[in-house]
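Pasting the structures in now, so scroll down.
Shared between the two complexes below is chain A, which has chain B as its partner in the first and chain C in the second.
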Partner chain A sequence: MTTTKLFNEYKELLPEKVLDDIKKYLPDKCTDAKAKIIFETVYGEYKRSIANPGESVGLISAESIGEPGTQMTLNTFHFAGVAEMNVTTGLPRLIEILDGRKTIKTKMMEVYLKKSHSSGKEVKKIAELLKETTLKEFLKEISINIMNMQMTIELDENKMKSVGLTTNKITKTLSKLVKGFKFKEDKKDPVIIVTPSSKDEALNTIYKLKETIKHVYISGIKGITQVLPVKRGDEHVIVTAGTNLKDLFKHDFVDTERTISNDLYEMESMFGIEVARQIIINEVFKVLDAQGINIDVRHIMLVSDAMTMSGSVLGINRYGIVKEKPSVLARASFETPITHIINASLVGEVDKLNSVIENVMMNQAIPVGTGLPGLITKVK
Partner chain B sequence: MWSRVQISSGPFIIKTKMVNKINQVKHNLIPLHEKLSEKDRTALLEKYNIESKELPRISIKDVAIQHLDVKEKDVIKITRKSHTAGTTTFYRGVVND
Partner chain C sequence: MTDVLVDNKFVGTVKNPEEFVDRIISERRMGKLPLSINVRFKELTDQVIIEICSGRAVRPLIVVKEGKPMLTEKHLDQLRKNEITWSDLLKQGVIEYVDSTEEENVLVAFKEADLTEDHTHLEISPITIVGLTTSLVPFGNFNHGVRLNQGSKNQKQAIGFYVSNFFARLDMDVNLLHYPQNPIVNTAMHSILDYDKHPSGQNVVVAIMSYQGYNMEDAIVINKGSIDRGLARSTYYRPIISEELRYSGGLIDEVAVPDKEVKGYRSEHDYRFLEDDGIIYPEATVQEGDVIIGKSSPPRFLSSLDEYNLTTSSRRESSMALKHGERGVVDFVLMTENMEGNKLIQVRLRDQRIPEIGDKFTSRHGQKGVISIVVPEADIPFSASGIKPDIIFSPHGIPTRMTVSHLIELLGGKVGAMSGRFIDGTIFEGEKEANLRHELLGMGFRENGAETMYNGSTGEQYKVEIFIGNMYYLKLKHMVANKIHSRARGPIQLLTRQPTEGRAKEGGLRLGEMEKDTFVAHGASLLLKERFDADKTIVPVCEECGLIAIYDGRKEKSFCPVCGEDTEISNIEVSYAFKLILDEFKALTVYPKLKLEGKY
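Then we have the complex of A and B:
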């Protein structure tokens, strides 16, 4: 077929996706003449839909996201598919992402497993292994013997087995983390005997220890409070509440190439700014999609491009991208004008009036649309 | 990535870069990062009539470019997968901050 010739001809002119779409929908028996008409129409349509130079795309994005945003239900905390896990969605989450908050309400990870582990048999076991556990989870009983100044901790054997722990291991971690007490393991039963290391220790301290020792970290990954194995397609994924990619990646069953977190800053530090950009797009899109709101991805892409322009994630507020604006007047026009103007006058900043808002203030033509190009003439 | 080398004659500590030891971070979401050659870099900057600091920025410490052995003012070419266009290219100038 000679349509390949046409494809080559338009390779430079049309984006890859459009060419793929044409390839997909072009009928088999299409004659060359007809194919050429199709290509010409598509190219014309494509040319028409490109934003013109000087188009205020940011304003259009703001309106396109803002208007449907008013229709979003406020404060929806709904369950993401499966019960138990509480997830921030809706407007609070959207604000969280776009503000570039350092601490987000519900941190989550999607842990993908390597092919050899994702079949389903081991998934529950692995999930348990990831969860941060304190001593509380393995306890059967704690009792204090006042006469001997002794505390006995009785452990649950079944629970220890499920994460591959022994009484010995727990005793070791306890003696490492809790100072001022001696830990001894019973040889027959899963029991740990605790005695104060110095004799003049008051009974009071043992009582205090009884409460605090319950919260001592034993195993798992710090920060992960909940785990949930979910089936996705033909493999199993573990969704976790709480993130800690660094410690998670020490386990060799984790597929580090696909595992993601919903914490922008964590993803940025682990994988770089480009991944943070993609995560912003994905997360915003997820929120809007869940609400049944259709916003063109291009608007969201523009927002996330703006947020990652400086090489690190900046929120859309006066501490973030507004602070990066080169013009004093543009910064002052947003929030806290007096501080900006005072600081600028102290260091003698110059405003070149290159952007829109400064020129609005100055009552001049703004560099947008037809106001953008200037006329240059040859002077004789 | 940095290793400290002690020079015996004085108390100076010199940082040397161990290029071979840097492992490239891999993730499905990381697009292809390439360092532009000097020739391509000037051609790009000339085409758009800009300086490299006017490009969108990328930190020199960014994890995704550690294996490229970059220095300040280099330009990184990023080939992204895009929902809307298939693949798109994007440029970032390396900054040290």
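Then we have the complex of A and C:
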């Protein structure tokens, strides 16, 4: 096949993805001449799609995202799946992502499982395993015996079985976490007997313990309040409310390569800035897609790049990327101008007038589009 | 024991709350307790709530006992004969006032036919479900609620005959319709309100059809012949008020033709209409800039004693003149005194407004639109009997808005106009559409109101029949004459040297932030610069210290206030607003140093 020659010829000129696409769609019985025309057309289209020097890509991206954003309804709550899981979507979520908020309203993870576990049989069990559980959930009854200063905790055997716990294990965790009391396991029944170690004010302390012990963490992953097994294609995925990637990855059934969280900063600390960039793109795209808004991904990619190019996630606000702008006037034109001017004067900052807004302020030609090129020849 | 609260204050307890409440109500009906007392047993909180305070909204309802209204045919008879009045009905316990508290425990029937054993009250009339202006919409029960609201909102903006003593009044911003008419299709509320004493529209012939696309997007096409015959003409009145104010030191304004020595003297031409007393004469036709009331004021600050001698040269001109775009005829001049005893002059200006392209009209169903074209009568479509519509309304305004009442009014208006009677379109109780259709058929029309029409320009018959009839149309107070505005060059603000804002000041049309973005997005850098050139200035800058230098016009040379004359000074072109912000930086004790660089 001579088309291979063509492929080699365009290897330098076209990106790999485009070449792959051509390979995929090129008809089998394609003459060389026709293939040549196809390549030329594709190359022409590709060239045409590249942004020209001086194109205001940032502003175009901003308007392209901003304009459809005005059509979004302010508060749209969406129910994902069967179980009632309240998820922040729509404009609030978009603002949350682009502002680079440290604490987001609804933290979520999508836990992918390794091949051996994702078939569906154990999914429910695994899901239960992940969920943070407190003693309250295994309780049948708590009663205090005033006579011998004892508290008896009666446990629910079925519940314990579903997570693979025994009375013995719970007794051990309790005695590790709750200080000042002795925990003893009953021989026959799933009952734990609690006695205070010291004798002073024993009744009072044990009475207080009755309430506090209910909230003692027993098993699962801290921070995960809800779990929801979902079927994605052939495999089963667990969607969780609340995130904790660090503890989650200790479980060997988790596919650490695909599991994601919607918390930018958590993802950044676990995987690095490149992943954070991709998460921003995905999350923004998800929000816009749910609203039925069609925006070219490249606009979102540009925004994401701007947010992450410094090496850490910066929000689009006066504490984030606006603060990083090199021009004093540009910073001053966006919120709290006096602060910026005063601080600039303290260090004698120089504004090189290199970007758009300063030049608009001064009524000079903006260094964009037709205003960008200059004369190379020196005029005496 | 149930708590009893009077006006939210605890007063005591009762054993049997239901009996207690019933007793209060029955005693109120008997006249033993005031009519304004309202009571309710709230089971949820086990309280008896009694309200007697002022300021509660109450509404009258007919009392129903055992499924029968207390108001009988006998009462109605007596009412017709003027033997009893409303208050008699209240005293007899036939009608009572119910407030929002008591309303919780009553069941009100909307119509008499709906009454069952359970009902406690009956609405006096179904019209009470809507408000005052909304009840003026005929056949409103066929409409979407939203349209009903919009229709009544539009009616409030209609030009009409608002008072009959308008000639003696000096209200601000008044419009009067020239030939106001009573609507052919009216409602019960029209007679209750004496609408014939202050009507606000005219009955016009409306055809629902398109006209060469001129009535796209809610626009209406209007017949020039109808306008020439006086349709929807109105007069706009506006008073111009001036007062001889007194200042400290016995100084006073003076209404007179200002002396030529006065500061800010306009031109003789501007004062040409003023009579010897300094006030314009009635029936003078005035344009923008013409002085209506000539006045001069004493100087604002008295700096030296010389100015106390009150020579005219120190006085300021403070006449009342017409602003940009204003015109009219002086209608009425009033000289009087105000409460402080100051001389007060009020001049009423009148301006006839003939409907023109851009004037806003509406029917009573929220179907508003502006005139898009005034068509010569010869080109207006006509029916077989020679009827030409005054207004052509677009059919596209109907389906999405579902204003069925608009169509029924058109039909009813036709019946009323042809039979010479008023049609009752009261909400829920109006005349039946079927009857109207039948009557129309009896008069030799198609029962659906459609007619064969002919193209006014070519005389060809239209392939479809056109729905045509009579409607009550309102001219709204939004007229282009009050709003039209454009500017190429004009006045600028003193501080920023940017164009002024607003029509009254002949202001510019702002090219805002987002509009600017479109230039940037296109990369039209130099075009953007040119668009913002309104306040560009040439500023001399000292290259030494980077501060703005001063140009000395006498020496034709610039010098730096810091470095003196022996320094390199270059002229730069920047926006005046930027020069201003540099000054503001200096006021902030920030040193804005400009470092100049060669352009090439």
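The rule is short, and it goes like this: the second predicted complex is superposed on the first by the 374 of 380 C-alpha atoms of A that agree within 3 Å, B and C clash if a C-alpha of one lies under 4 Å from a C-alpha of the other, contacts with A are read in each partner's own complex, and residues count from 1 in each chain.
One rule holds for everything that comes next: a contact is a pair of C-beta atoms (placed from the backbone, for glycine too) under 8 Å apart; a residue touches a chain by one contact, two chains touch by 3 or more.
All of these numbers come straight from a predicted model, not from anything done at the bench.
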| item | value |
| --- | --- |
| First, second, both or neither for A:L177, with chain B first and chain C second | neither |
| Touched partner set for A:A365, first chain B, second chain C, both or neither | second |
| Contacts of A:V356 with chain B and chain C, given as first, second, both or neither | second |
| First (chain B), second (chain C), both or neither touched by A:I342 | second |
| Touching partner for A:L13 - first (chain B), second (chain C), both, neither | neither |
| Which of chain B and chain C A:A51 touches, first, second, both or neither | neither |
| Which of chain B and chain C A:E63 touches, first, second, both or neither | second |
| Which of chain B and chain C A:K378 touches, first, second, both or neither | second |
| Residues of chain A defined as touching chain B within the complex | 15-20, 256-258, 260, 269-275, 278-279, 297-298, 301, 305, 308-312 |
| Complex interface listing, chain B residues touching chain A | 25-31, 33, 56-59, 62-65, 78, 80, 82-88, 92, 95, 97 |
| Chain C residues within the chain A interface of the complex | 516-517, 520-526, 528-529, 532-533, 535-536, 573-575, 577-578, 581, 585, 588-591, 595, 600 |
| Chain A residues within the chain C interface of the complex | 54-56, 59-60, 63, 338, 341-342, 344-345, 350, 356, 360-372, 375, 378-379 |
